[in-house]
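Look at the two complexes coming up: chain A is in both, with chain B in one and chain C in the other.
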Partner chain A sequence: MFKRSDQDKRPSVSVFVDGTAIAARQGDTVSAALLASSCDARRATAVSGAPRLPYCMMGVCFDCLVTIDGVGNRQGCLVPVAEGMQIEIQKGKREIGR
Partner chain B sequence: MQKDYDVAVVGGGLLGSAIAWGLGRLGKTVVVLDEGDIAKRASRANFALVWVQSKGLGMPAYTGWTVRASEAWGRLAAELKEQTGLDVALQQNGGFHLTLGDDEFGQRSDLVTRMHNQTGAADYRMEMLSASSVKKMLPLIGPEVSGGSFCPLDGHVNSLRTFRAFHTGMKLFGVDYFPEQPVSAIVSDGGEFRLSTPQGEVRADRIVLAAGNANQTLAPMVGLSAPMGPTRGQIVVTERTMPFLPHPLTTLRQTDEGTVMIGDSREEQLDDRALNHAVSAVMADRAQRTFPHLARLNVVRTWAGIRVMPQDGFPIYDHSESAPGAFVACCHSGVTLASNHAFEIARMVAAGALEPDLVGAFTARRFGVAGNGQHSH
Partner chain C sequence: MNTTPARDSYDVVVIGAGPAGLAAAASTAGAGLSTLLLDENPGPGGQVWRAIASTPVTAPDQLGADYWAGADLVSEARSSGAEIVHRATVWSLDRFLEIGVSVGGTSSFVKARRVILATGALERPFPIPGWTLPGVMTAGAAQTMLKSSGLVPDGRTVVAGQGPLLWLLAAQILRLGGRIDCILDTTERRNYFAALPHAFGFVTSPYFAKGLAMMREVKAKVPVVSGVSELTASGDGRLASVSYLAGGRRETIPAELLLLHQGVVPNVNLAMSAGIEHRWDDRQLCWSPVLDADGNTSVPGIAIAGDGAGIGGANVALARGRIAARAAIEALAPAAVAKLTAENVLRTALAQAERGRTFLDVLFRPAPRFRIPSGDTIVCRCEEVTAKEILDAVAIGATGPNQLKAYRRTGMGPCQGRLCGLTVTELMAQARGKTPQQIGYYRLRAPVKPITLAELASMPRTEADVGAVVRG
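Right after this comes the complex of A and B.
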């Protein structure tokens, strides 16, 4: 969907999306990394199940909700990526206890 | 703005709109005179339980009235769905009051025993269950839960959608709804009532005072009394989570859309604009001791609301002797009793008389001399 700039020389960070490794860049937020990747990052909303992608990218719209390292409903646009991070595209409501 | 109506309902909250909907359903011409959006509206500050257990200690008639409401709720939900297309998400598969520690279990057991021993009350099969029995029905309870009481008649509903369904249905029945028109004066004159509002006067053959806490000042204008006062309640609401709670609890429930509501305090403070965080903290702490998994959920909002509380906690339904055709209705449990208000009270108002067999016990005369509007707090 998005193409990274050739000028972007930041070091690569490896994270996992539903178990598959993707290459992010140091300083990316989880949402930026997902949008720049080729994976289907669409979550499903909690009530109607409608597909959504990160939208405002500044912590307001909550359309970037994602499970990060086993914790549901994290705002992906506010969390920087870290090496080995486990990201799960959240389908529907957060699971109790996660 | 003069127009004649069969009935003017003063108050468009859950109580007033239930009665107005019921009157519209019976073909009456009805107007609802309401406050605006900033009204301290209990209809938006309730916990949405359709609740039977522990109701009526000290007044067996209230137990019977509540059981009747619980049994009629299914029909109400079905009629609202058919008329408006709105599903109010009624769920009536039984509810719990869970206890933490042995002392609370003992206190709850005593209450259940006293309810059973009360003569004249309907049996609604409330029973105490051990922690291990509770765990079979609610697998995620924590180790501090000592058990609790269960009543198979209990349930809950989406109360905001119920409120919306009543208003949608009223419109379909041709009921006139006028917001921003609080009633300031009522005169009974030659068999009709004239109600003063900021937009002018409205005339009706009958009136129903369903204005919540404002009933205190309105009732004496037509020879009625409504000894009551406001109380404040706080609620904590979490983000949506996958369904984990198959039954509602007195202070914890999961809505049809997945949010967990943690309630509900009862405070004497009457300012609903600020939260008492100490109270919220106690509520949240009890919730996570009951269900440890809740500790990981984020709270998305907390709020306080003002509710209605008749002086002795039981509903008031009365018909004026000095101004026949004037009725007053007030209660704390506007959600649970909505079915009775929509079907029974509306029918009685349409017929022009309350039925003593059903609601005679709820007259305000129980507080003393009727009609003088005086009461002590």
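Right after this comes the complex of A and C.
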């Protein structure tokens, strides 16, 4: 869906999506890294389980909700990636205790 | 930069580090007032200058001169002495000028003597059938990815809607080697006539030449369909095609990415939750705060600058930021006023920046069909409520957005009405034969962004706080 510009010389950062490593770039948000990768990043809504991807990328729509390092309901579009970050595509509601 | 504010009180707290917030904070800190600038993003710039300090898109002509114009203001703010905290989510503001802010999962309260809200704008909802499908995004979303990560569309991409930002985004995507298969222009033909009386201000503004050049640049490379009067996104689990009606012809084109845009509207959540009076703006079709010439609101001590005060764009925001800051300095440090830019210079700059806006507002006024949906089209994305369900609730007695919450939970999901509020107001107004002003808006309350109970519970508390709730 998206490709990286050739002039992007930022260092690579490895993050894990449901356990599989993907290459992000330093300064990417989690949502940008997911959309730039080939992984299926569609979450499922809490209400009906409908598939969604990020819509606004500016912290407004909450369609980028994702579990990051064990914490659910994070807005992926506001969180920059960090080396070794564990990202889980959130299916449905946030679970109690995470 | 991402730590909890250093102090618990400041002369001035500015919320939002776009053009208005940067200008305001740079001015008040420069005048010697202790200033805290809180911003939710990883770096300064707001949306228009997003990632200006970190973008990988460094070739200057690709993002354009208007983007790089922000660099000076960012340096001014950074060297002004203002404390700037990024990744700070402000979730509360009250009439005592106490601000609840979450940074890195920890919340605290800070007090201010003056607050300048510069929370900017967000994209107007564009509720067409299928707009919740994966692969449908706002134009602003694509621009955010382009600016902050150098990402551009590379599959079948359709851009639909209207307004200056749409053409700017298209030009930027093409300059970076991205793909756009088609632009569907939804501008109503009658708008051209309606806008004509306002053309003088526009033609004599800098937007005119820039806008024409950009449209020419894009039209040389991408087919544009004008007069689009219906729009549907379809697909099973993700976007597969976009259908449209234009000039009596119905077409369907395959697409994996649809970028929607029909203008931006003030981001009112924090201001409304503080009890600031807003009125329905019939020209911009949104809620705007009631302000005096300095940006002061109905709540003493709180001013609003930038697009949150009514859409005006970056240069207007910058001028309003300086004017609001000047008023704060006059109130708190009158001795410092003599060194500031003279008031009439600021007002002239504002008037110049506002030139042409009326024309743009009228020309790019979104059509009723794209603001007020019908049938199974989702209105509230969070709670997945359709237009028909809202009209059914009206039929059995729901009188306005607040009553509707009890019937349908509209606006009660995590986005707190940011993507359904305007639609709900206009839809209910139309159904009940009232004006949007009469119908009103959701009653917004803190926390205006979701935070956990655990975070609230672990906030620092005084003995008085504990005494207020613990018995014995």
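Throughout what follows, the second predicted complex is superposed on the first by the 98 of 98 C-alpha atoms of A that agree within 3 Å, B and C clash if a C-alpha of one lies under 4 Å from a C-alpha of the other, contacts with A are read in each partner's own complex, and residues count from 1 in each chain.
Note that in this section a residue touches a chain if its C-beta (ideal position, glycine included) is under 8 Å from a C-beta of that chain, and two chains touch if they have at least 3 such contacts.
Not measured: the values here are computed from a predicted model.
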>> Is A:55 touching anything from chain B or chain C once the two structures are fitted on A? First, second, both or neither.
In response: second
>> Can you tell me whether chain B or chain C touches more residues on chain A?
In response: C
>> One more residue to check, A:2. First (chain B), second (chain C), both or neither?
In response: second
> In the superposed arrangement, which partner chain does A:10 touch: chain B (first), chain C (second), both, or neither?
Replying inline: second
>> One more residue to check, A:36. First (chain B), second (chain C), both or neither?
In response: second
>> Just checking: does A:63 make contact with chain B only, chain C only, both, or neither of them? Give me first, second, both or neither.
In response: second
>> I'd like to know which partner A:73 touches here: chain B for first, chain C for second, both or neither.
In response: both
>> With both complexes superposed on chain A, which partner does A:89 reach: first (chain B), second (chain C), both or neither?
In response: neither
>> Output check: A:47 vs chain B and chain C. Expected answer is one of first, second, both, neither. What do you get?
In response: both
> Counting only touches as set out at the top, which of chain B and chain C does A:22 meet: first, second, both, neither?
Replying inline: neither
> Do any residues of chain A touch both chain B and chain C, and if so, which are they?
Replying inline: 47, 71, 73
> In the complex of these two chains, what residues of chain A are touching chain B?
Replying inline: 46-47, 71-73, 92-98
>> Under the definition above, what is the set of chain B residues touching chain A in their complex?
In response: 140, 239-242, 244, 257-258, 293-294, 296-298
> Quick one: in the complex, what on chain C touches chain A?
Replying inline: 40-42, 47, 51, 54, 56-59, 87, 89, 105, 122-123, 132-138, 140-142, 144-145, 148-155, 176-178, 237-238, 256-257, 267, 381-384, 413-415, 418-419, 450
> chain C touches which residues of chain A in the complex?
Replying inline: 1-10, 25, 27-29, 32, 35-36, 42, 45, 47-48, 50-63, 65, 71, 73, 77-78, 80
